[in-house]
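Following this line, the structures themselves.
Next come two complexes built around chain A: one with chain B, the other with chain C.
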Partner chain A sequence: MKPEDVLAKVFGVPAREIDDRTSNRTLPAWDSLGHMTLIVELESTYAVSFSAEETLRMNDLGTIKRVLRERGATW
Partner chain B sequence: MTSAHSSTEAAARALSALRERLARATRTGVGEAGAALALAHVDPAAALAWLRAEEGSARALPAEVLTPVLALLVDRMVGGGDRPAQELGELFWQNPESAEPETIERFLRQIPADAWDAPPIAALLDRTLTRAPVHAGILRLAAERAALAGRDADAHRLLTRLGRSDSSQATIHHIYRIRRALAAPEWPSVRVALLSSYTVDALVPYVDLELRALGLRPEIQVAPFNSWTQEMLAEDSDLARFSPEIALLAVSIDDLLPALASATPLSELEAVGEEAVGRVLFAAERFAARFSAVLVVTSFHSAYRSPAGVLETRGRTRAHWLNDLNQKLGDGLAALPRAYLLDLPDLLARRPAGPSELPKLRYLAGMRLGEHVMAEVARACARYVAPLKGLTRKCVVLDLDQTLWGGTVGEDGLEGIRLGGTSPGIEYQDFQRYLQSLTGRGILLTINSKNNYDDAIEVIRSHPGMILRESDFSAIRINWQPKAENLAAIAAELGLGVDQMVFLDDHPNERELMRQAFPRVLVPDLPHDPALYRSVVEVLPELQTLVVTEEDRGRREQYQVIRERNVAREQSKSLESYLESLAIEVEIQAADDGQIPRLLQLFQRTNQFNLTTRRFELGELATFAQDPAYRLLALRARDRFGDHGLVAAALVRKERAAWRIDSFLMSCRVIGYGVETAFLSAVAAEARREVPALIGEFVPTKKNAPAKDFYPRHGFVRSEPEAGRSAGDGSAAVELWRLELEPRSVPWPVWITVLKPAGQA
Partner chain C sequence: MVDVKDTAARVVQVGDEHAPALAEFYTAAWGQAVTADGVRRTRATTAAANLVTPGETPPTFLFLLGDRAVGHLGTIPVKFATRGGADAGAHWLKGLWVLPEQQNGPVGFLVLREATRQVGLAMALVVELAARRLFRAHGFSDLGPLPNDLKLLRPERVLRRIDLGAVGLGRFPSWLWASARVVQWPPLAFLGGIKIRFATGLWTFLRGRGARVELGDAFPARAELDRLFDRMRPAIEATVVRDGAYLAHRYGGRREREYLPVPLWVRGELTAFAIVRRPSGAGDPRLRGIRVAVVSELLYPPAEPKLGLAILAATERRASEIGADAILVSASHHAVRPLLRRRGFLPLPGNVHFMVRVPAGGPALPTQFDRFWLTRGDSEADEAF
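Take a look at the complex of A and B:
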């Protein structure tokens, strides 16, 4: 599953409307609770665990992909 | 430059070679696995054209080749406009065996949602759902499609199935989001308050899911973070304004006692632990005094292991200390009305998967429940809400072969069926033991089986492995009739509605037929593995009860009495002499505290002989019983076959000009004996001492036809609503019936004897 698909699943928007600039400012459903839901879903999809610092930084898809790559996740 | 040029040429040559090989494969009818896959990679449009080119070219490929080719095509043709989507859709439709649900899901996700309802796509989705009924991705698509098309009822049903297939926070929260965009269904509402020392906002969609699965429309209020004490104590709190019907109080011992993170010795924990329990109980007591709501308190669980590690695994441990605290909490709650302890450690142990919590979310957001734990907590909530809202079913209708024992008695014979102390066989015994326990809470067991009667009844009477025996069943239908007919006959025999029945059958076809015949019968899916039967039925909210009354414990015997009485009726010559032969005795008295739980059941569950169907709650009934402006009357009945217990109730408002019968209801198991006439006669006689007239209210419902002619039959005359009294409080449909009171306005049925209740003059 691609990170785009994870965002699509969590926030209920079509994956083709999501790109690396998609962020918590562009998606209304990406509020603080939505952010936690996203982190839970990313962690279970890619079998990784983010630190609190990473979690607080992952506010757009570009950053999310960067952090995922740093943690060795592939898709 | 040169090498790039030559490699392009080489690729072009390879491509045309691929096309050639495929063309040859088409002509000879032999699939070319590698070539098809390679072409899909380098030129998906050409591969698609080839697969569609001639009738059968796709079919010439074996499924294990076509499956990855189709999957690849979906990925390679992202957003390729409508034409490829249409063509791919047709390809999937023509090759159902080769299209995996995951591929179809990805395919449908890539085309615009407004194309989902187009005939080929819609049909493809429907067929995939039939093939993969619990596939979360497909269920989600189907639900979203139904929601977009405005088919709200379908959308709700599919969303509930989706929530059962995937309890990830992402999915459950998405379900909640879709539902909020749908028009509010006309389901009964229930007000639920969530109070906690930690963040429980993420729990709301889980609770919403489980309560909607019960056909309820939940209104859920979350108290602000860690404000549970103020909310429960303050007179003007949001909680007080919300007036919940049920509240969940989830307090973490780690929040109450931060010392648990440190190596605090047990000797110090003992005293502060008592204090922590005291804080929760104090709030619970105040809550119980102020609200008539049910209160469910989660027991304590600590996220921390003991810092002493193995040093503390001798003698008294933190675990012992925590158990003691939970025991004290449970004892304290048991002393309060309507308060229950939800065993959180037990729930954690039983969760099917996933971590109990994510420590990061605890530190970052104060969240203490993992996603699968939230699912379990919500299911536990539903088990309290169902009985609270009167959704408890009264009767379980059971299949026999493969349900109560393994195998088929008609084929395997008495000796051959699997039923005994070893597996296979012991699973069925354990299931039977659980079913038997249901009779202790007033739920009836019945049989509805396709078998030769003699074969099956022999097992029930004489198989040494049977736990349930003939006397455990209140009605038995073993024949070759359709099961829906049998179920209707059982309902009629027991005087129950089909919406009070649960049908348990191992056979999916029988379940589907029953759902089609009677959508209101609860038909849970029994799992394929009989070892799981018991655990599936154990957690059905619709078989839970919050209180057990004397009537519940004896209900099975009472229905046996009905069976005998029906025999007596057949033998009796005239109705009057039959009624006299029954020697019916009734006892009518003002309701006392001990009768309130049983009255609550009557008010919540009685549908047929119920004049106004007003569902009062526990607190309201207790208030009416004390209020001098009301008479809350209870009627007990017995006859020569046995004691029926408390079977009828009336709520009368003592107005100045005329007494008004607000509610009048009677269990259907005593319909037809004149008990209701006796009760009305007693009410009329009492009213006549104070007022000249009696007014009866009647609110027609879909179910209360048996009560429709009650007032006219007893001489009441239809009257218009009085001037100045608006039909407020939603009572537009209230019919008023008036009776001028004279001696013997309502004659007492001569065949019924009245008994003075013990302790009254």
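Take a look at the complex of A and C:
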């Protein structure tokens, strides 16, 4: 599953409307609770574990992809 | 899974060593000119006044990035009473805030998670939908909004100034709505006000007269307040313990300048008590300078509606004496609601939701909001009006 699809599933928006600039400032459903739901979903999907600093930085899809690659995740 | 404790980003329960970070956060978040020494002094004061665990500072939680606080949650300790049960320690959670650059991230979630792990029985009065979702995710039940009821004491002045649409006046009775639209034209404001005064006065005379009592103006002794609360509590399923110690701590001392005590006496016995908060200088911008007094606290035995009517009448009188244009009551209990109608109060939409979380082994609480005795002064929610 691509990260775009994870975001689409968590926030209930079509994947085609999501790109690397999609962020917690552009999606109304991406609030504090939505962020934690997304983190848990990403950890489960890619079998990785994020540090606190990483979760703080992962506020847009571009950064999420970068952190996932650093963790060795593929999609 | 994310763990925030062993890194530079972490949630901490505040100790004196975090006073500089807390002071900086208050300034950044709320524009308060606070120093680290001021924070330490306040912590010492609140520890001494802690009603649940005297001498202990009420828990405050910060999300720290290095030495900088970016998220905050404070608590107010109270004793909580349930019918037939022993009083339990509880905390109002208050001041959940995240600095703008970290909003919509994990900070609010993690600060609240740490707080719920530490405090046991927890309650909050919450407005924003996003915050309510966050509380629900941590096991809080949303029991609904605290009802608001307003009575116009100077209707002509209120009608001339108020933004009718913005305050939801469309929910008022049609005769009042129609009158209001016409009399907002200044020359007619006086006549419209008289009409409303007459209608409200007649209604109150016919339906809302209370018991014969003596109205005082001094803060009663703690023992008198204890006796009054002891008379109330058998009829209430769940409430903050509103005894003399609590009321004196919450509204007495230096706070008496903004809070007016309204005691009612019958043959030397305190039979009902209320606290009226003076209209704030700034207030809600939608009110356009209208002065609204708030009933922060209301105590009377729920089985005695005549006393309830009398204490409501006394709060209206006291509010008029201090120049209020209107008076607001926010009260949850089912016994109070019909009395407000009988006194000519009009319902406004509620927006402050009561959230409660009972830990494993905690007291059994009612699931219906109107079984709780809550008023606007709880969790210091009267500051927001």
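Assorted remarks:
Here, the second predicted complex is superposed on the first by the 75 of 75 C-alpha atoms of A that agree within 3 Å, B and C clash if a C-alpha of one lies under 4 Å from a C-alpha of the other, contacts with A are read in each partner's own complex, and residues count from 1 in each chain.
Basically, contacts are C-beta pairs under 8 Å (C-beta built on N, C-alpha and C of every residue); 3 or more make two chains touch, one makes a residue touch a chain.
On a predicted model such as this, the values are computed, not experimentally measured, just so you know.
Among chain B and chain C, the chain that touches a larger number of residues in chain A is B.
Residue contacts after overlaying the shared chain place A:14 against chain B, while chain C stays out of touching range. Contact with both chain B and chain C is seen for A:52 once the two complexes are overlaid on the shared chain. When both complexes are overlaid on chain A, the residue A:36 reaches chain B and chain C alike. When the two complexes are overlaid on their common chain A, residue A:25 makes contact with chain C while staying clear of chain B. Common to the chain B-facing and chain C-facing surfaces of chain A are residues 32-34, 36, 39-40, 43, 49-52, 55-56.
Those residues of chain B whose C-beta lies close enough to touch chain A in the complex are 78-79, 109-110, 112-113, 168-171, 173-174, 177-178, 201-202, 358, 360-361, 363-365, 367, 371.
Note for the complex: chain C touches chain A at residues 1-4, 7-10, 65, 98, 102-110, 130, 133-134, 137. Residue ranges of chain A in contact with chain C, taken from their complex: 24-25, 30-36, 39-40, 43, 49-53, 55-56, 59.
Interface residues of chain A facing chain B in the complex, by the touch rule stated above, are 5-6, 8-10, 12, 14-16, 29, 32-34, 36-41, 43-44, 49-52, 55-56.
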